Amino acid sequence: MSRPLRSFIKPQFIALALILLLNWILFPGFFNLFFRDGRLYGSLIDVLNRGAPVAILAIGMTAVIATRGIDLSVGAVMAIAGAVAATMVGDGHPLFLVIMAALAAGLVCGLWNGSLVALLGLQPIIATLILMVAGRGIAQTITEGFIVTFNDPGLIFMGSGSILGLPTPIIIMVTLAALATAAFRLTALGLFVEAIGVNRSASTYAGLRSRALLIGVYTFAGFCAAISGIIAAADIRGADANNVGLWLELDAILAVVIGGTSLMGGRFSIPMSVVGALIIQAMNTGILVSGFPPEFNLLVKAALIIVILVVQSPLAGRIWYFIAPSRKRPPPSSPAETPATSTEGTLK
Amino acid sequence: MNVRYWPLIATITIFVVAYALAVMQFPALFSTRVLGNLLTDNAFLGVAAVGMTFVILSGGIDLSVGSVIAFSGVLVAVLISQFGLHPLAAFAITLFVCTCFGSTMGAMIHYLEVPAFIVTLAGMFLARGVTFLLTQDSIPINHAFYDWVRQFYYVMPGGGRITFNGGLMLIVFLVGIVLAHRTRFGSYVYALGGNAQSAALLGVPVARTTIGVYAVSSFLAGLSGIVYSLYTSSGYPLAAVGVELETIAAVVIGGTLLSGGVGFMFGTLIGITIQGMIQTYIVFDGTLSSWWTKIVIGGLLFGFIVMQRVIVAASKRDWRKKPYAQSAPSL
Amino acid sequence: QSGLEGMTIGFSQIGSESGWRAAETSVTRQQAEEWGVNLQFSDAQQRQENQIRAIRSFIAQDVDAILLAPVVATGWEEVLSEAKDAEIPVVLLDRGIEGPEDLYLTSVASDQVLEGRVAGEWLVDAVAGEDCRVVELQGTVGSSPAINRKQGFEEAIAGADNIEIVRSQTGDFTRAQGKQVMEGFLRAENGGADICALYAHNDDMAVGAIQAISEAGLTPGEDILVVSIDAVPDIFTAIAAGEANATVELTPNMAGPAFEALAAYLNDGVEPEKFIITESRLYTAEDDPEGEAERRRGLGY
Amino acid sequence: MPEPVLSAAHIDKSFLDNKVLDDVGIDLMPGEIHALLGENGAGKSTLIKILTGAYTHDAGTILLDGKPVHPRDTKHAQEMGVGTVYQEVNLLPNMTVAENLYIGRQPLKFGLVDNRKMERDARALLSRYQLNVDVGSQLDTYSVAVQQIVAIARAVDISGKVLILDEPTASLDQHEVEVLFGILQRLKADGLAIVFITHFLDQVYEIADRATVLRNGRRVGSRAMADLPRMDLVTMMLGHAIADTHALRIGGGRQPGGLFASFKDYALAGKAAPFDLDLHEGEIVGVAGLLGSGRTEMARLLFGIDRPDSGELTVKGKPCKLREPRDAIALGFGFAPEDRKVDGILGDLTVRENIAIALQARQGWTRPLSQKAQVDLADRFVRALDIRTTGIEQPVKFLSGGNQQKVVLARWLATNPKLLILDEPTRGIDVGAHAEIIRMINSLCDQGMSLLVISSELDEIVAYSSRVLVLRDRAISGELRGAHISVGAIVKMIAMQPEVQDA
């Protein structure tokens, strides 16, 4: 599809730029990068590195949300995968097996969610809430409540190693994002997922296997959660079943929505979700380096989110559209594309 | 038998059955004491859940309730203990602030056309953040008025108490039911949840309703915070973390569709009680480790919801001409 | 130990948010075994209302005594007076509460402010007058350990104006956050060169931070002194490896003294003293860290 | 000549760079029925949305009783006495029929909604339309037709001065239409000004006094129906003349080919009584019946959306089972549903994707249609069906009603099916395209495709059917073949139905 030029000046990038700029003002050394024993260091790298787990969650979450669903269990799934990895590596299993087992755990969790949604027809939020609650329990039964630590270099490499001078998580994030995007866009999967999200009934009439597809996306989300679970565990060299990924599902969802995928399903973009995750992390890193007292963290976060909202809101979109030089291309959601005619009425 | 009542009936049946089963295991559960506690301990949840029901019926969601509860509790405590205001004055101020907060969120959702999920998520951070600015430590409230309020309780046969809080929750639910099912505002809320566009074309005041819904939700969250402060006679900035999800769950267990437009206020009351039951059951069992606690809660949740689905599905077999478009994912 | 055989005692625990918490739970279970007590355990998942609910149910089940590890200091009067009316003795674990003292039999707790002070005093001695810029990893904002341990530490270094806290951020008592926040500190304090010491409100955060420090190419324990609180096994391993310098013990064995007090009270009506303060002992490399680590392994950390 | 009640002048409206109304005006006299005509996408719906405050206009004036008004929103318009039925049934599927009728103006008692009175009023109101449904049950339990009537009843009830109906008869059968026209005549006598949008010219000539014609967002003119011959009108609308479709009579003579699919005593409790149905290649089977007669239910069974309680299906002699639409599609079936909004279009997706989706679904996700293939496909059908759009990348929800219908048709034609089931295929389609589609149906059939067409428009059925089934009470009550097929015969067969009052 011929991409209109406008679509490269997305508001998300404006938001990201704004926040990075802000960080730089608060902490002049923000953009400094330096290279030591074969690895890049610097706040920017931290943003990417620390953003990776949420970004990876967001990749899976994007597909789920595109089908008009939501997955609250990803945090818990992270815990399960981490627990599996840590305990198995502790029992001296080979790394390959460990990773496979952890990923398998994630897939099973996703399969479970998917079945609840697609076969039993439960509402996604409640279906995944079940695993969100129980999942941590399961993870803790695996670790028996301890923080299971390990020092298997292979597994640790997943979290704090580096490839081509970049931390492993960044590499994993980029690869996964690329592969996922390809898988959805080079096949018809992307179209099918969007169709189901837009109108499941019509999609079924058109001959889509909506059940299978739904199960598929939730399984994929579980898979992504497992990956970031492994990374999180590897990062601290231990499985902290109770705290890993706590409330991260919200960040992931936030990332997806900031990335421009609607919670009402339909159009989705995995790369933009990753950008969304980086926006969030840039925010957090900024808070860390800025040196505000911690009781301000939430306020700052709230304020920034509100700013992003305003920047991205259709209202701003309209204004931007009218000041923009070329009136050729409609902004993401212009009055015309906003069928809620009432808002048109109220916006006189 | 009107088809719309099935989810509700299902929920009630399941609750009764489950309670019976629990009593068989722990006869002690069958006492007005336990029932009284069920009301008292869930009062603040219930009050908040009424607001959440309106939000969800309108097709939205409000993640800020937990933080608003904490905020209101702390603000009340600060106003009373540090500024020496009379509790009633403190309540008035707090409720006013919370309502404004909610209206603002509603306005942003409507006029900026941003998803409620995100706006209220920001609201969640904001409220909690402001709470931390007010105080980091928990503040006790020692005021004659609080002790005075506490004397109001009705002792049921068997020694169970319906406390002021418990009673208040029931009243709020009554008001909620009337507001939802017997007023124009209520019908507007359902309309919005059914199909916002059509609602607009039918002349439903979308802006007013949206703002109203979130105002109500935050008002009730504020009230719930006050209930919480009466419950613990203190304000605690870390109180009610994650309560938003608990209330959402209660609403949905109560048979309300998250996609909006379908459900009953009364169902939410059942939903709340079911969750209370689960907690109480766990405590009575008393053998579960920390992690098994979580697993069992999840398991019971699963059990309830699946049973509900089964009953509803059975009733639904051939009543509807075509699948319900609005709720595509939750057919 | 004898005197409580066959009795039913309810234990309302906060949750299982940290290694230390898990240890306290399992120690309590072990103690219950030894005393032949039938323990009714309830995990409140960090929620006061769940704890209140638990206590109410304990009363409804009419247990012989109640152990309560309060998630927060305030808001217990109503429910505890209900317990009082039902003549069920309540023992508070690891944290005191505000309100009338006659609501509970006794409180077995550490002095959180003291813990902070001990850590601070150690640092004061350790740097011996040299200038020292300290970074602080706080616990969860608003939680009482965070508040008290901060206060105690600040009291201790108040005298020494060569020591100042230059950065303080919350690490939510977790390793992951501890590591991430420490990374931020290191970036902001010119690669860590300007940091002389780290004070963490619990060991888990310290352990995370240590990883961050070594990944940043510095040697924890030398380039940056590390002092923290709780004395969990992993920190002893770190001390043994020279990566951490000191930790202040917070014993997970609160139940032992509690059961003693209860036995004395229930059998021969001896009123125990109101506040049983557990020792806040300082451990450094001198105190046989490997041994300490081993000794604690069994406790379910 | 009296003052116009409502008059709009020099109305301009563009959606971004797509100018859809250009200097349009219309005058509504009290006590007249004013037809608003034009091709699909001419701008009719947009114009009335502007008149009723659903959209804002870029330029122009609206006078109500000679005074300029600026309807803020639809509520405001309603308060000014303008009642409207928008094109797509815009009601609330999740609320009861009664609530849909009275939302925003429920009768109050002590400040609370008086449900009992509301339902009483609702029943009374609907009885005027001879629709006796349970007003207490959810709207989406009823067919489009019923919903359409409810929408009309509501609009009529709130319109004090002006009543605007955008394709109200699209999903009504003859009987319902007569009932509606009776009511319109009465309202007209009461001095109401009525705007009536439709693509059924017969209806226009039957009821309208005057007609305003739009083409491509411009006003072609307003004429009294009395001195406006049919051909002139069509020419006004299309800009060129076409052969009158009602003249041509093609289906009858056709010789059907071999047996394609045969359904043996198919049945689903409460939906369809047991029926046998043989469909031959190169045959068009028309299905007629009153609304609620179960035509759609039958179609849903044939396409595997509902599973039958009993019955066998054999396709080309091989026994088959239909578990879900996929299976039917795999056998070469296609189905253009009646309710395009709910079961048809994928609103947020582009015209291209909407056309390609069914074909793609059949190919499976591993073998995606190339971008080029999709574009070609879309372009071909946009041209063939003359779909009015700013481009194949326009989200389909922004297309006009009729054009959306064409997109759904295109989707199925793209799969070139062996059996095509069409439920009200020409609903909301303009005369030009109507002729076009009927011609297409025929040519498809000549290429050996087998079609089953449900339609409430009997002329149409007569025009192409080689066989006509008449449904009554969810059962096939009769069949007409070849020469016997005529509107009269069909009406007679339907009218044997006891339920039908008057006539």
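Going in written order, the chains are labelled A, B, C and D, and every chain counts its residues from 1.
One rule holds in what follows: contacts are C-beta pairs under 8 Å (C-beta built on N, C-alpha and C of every residue); 3 or more make two chains touch, one makes a residue touch a chain.
The chain lineup, named per UniProt: A, B = Simple sugar transport system permease protein; D = Simple sugar transport system ATP-binding protein.
Keep in mind that what you see is a predicted model, and the values were worked out from it rather than measured.
Shared contact partners of subunit A and subunit D comprise B.
When chain centres are set by their Cα atoms, the one at the greatest distance from subunit D is C. Look at where the CA atoms of subunit B average out and do the same for subunit C: the two points lie 34 Å apart.
Distance between chain centres (mean CA atoms), subunit B to subunit D: 43 Å. Rounded to whole angstrom units, the spacing between the C-alpha centres of subunit C and subunit D is 71. Subunit A and subunit B have Cα centroids separated by 29 Å. Counting only residues that touch two or more partner chains, subunit A has 140, 145, 199, 201, 295, 297, 339, 341-342, 345-346.
Contact of a single residue of subunit D with at least two other chains is seen at positions 54, 73-74, 342-343.
Annotation for subunit C: residues touching 2 or more other chains are 15-16, 22, 25, 141.
Of all possible chain pairs, those that touch are A-B, A-C, A-D, B-C, B-D.
Taken together, the subunit B residues at the contact with subunit D in this complex read 2-4, 178, 182-184, 186-188, 190-191, 193-195, 197-205, 261-262, 318-322, 324-326. Of all the residues in subunit A, the ones that touch subunit B in their complex are 67-69, 72, 117, 120-127, 129-141, 145, 196, 199-201, 214, 241, 250, 253-254, 257-258, 262-263, 265, 295-303, 305-306, 309-310, 312-315, 333, 338-343, 345-346.
The residues of subunit A lying in touch with subunit C in their complex are 27, 29, 36-37, 41-43, 46, 50, 140, 144-147, 149, 160, 232, 235-238, 240, 242-244, 285, 288-289, 291, 293-295, 297. Of all the residues in subunit D, the ones that touch subunit A in their complex are 15-18, 49, 53-56, 72-74, 303, 305, 324-326, 329, 335, 337, 342-349, 353, 356-358, 360-369, 371, 393, 395, 397-398, 411.
Taken together, the subunit D residues at the contact with subunit B in this complex read 54, 73-75, 77-78, 84, 86, 90-95, 99-100, 103-104, 106, 108, 111-113, 115, 136-138, 140-143, 154, 268-271, 296-297, 339, 341-343.
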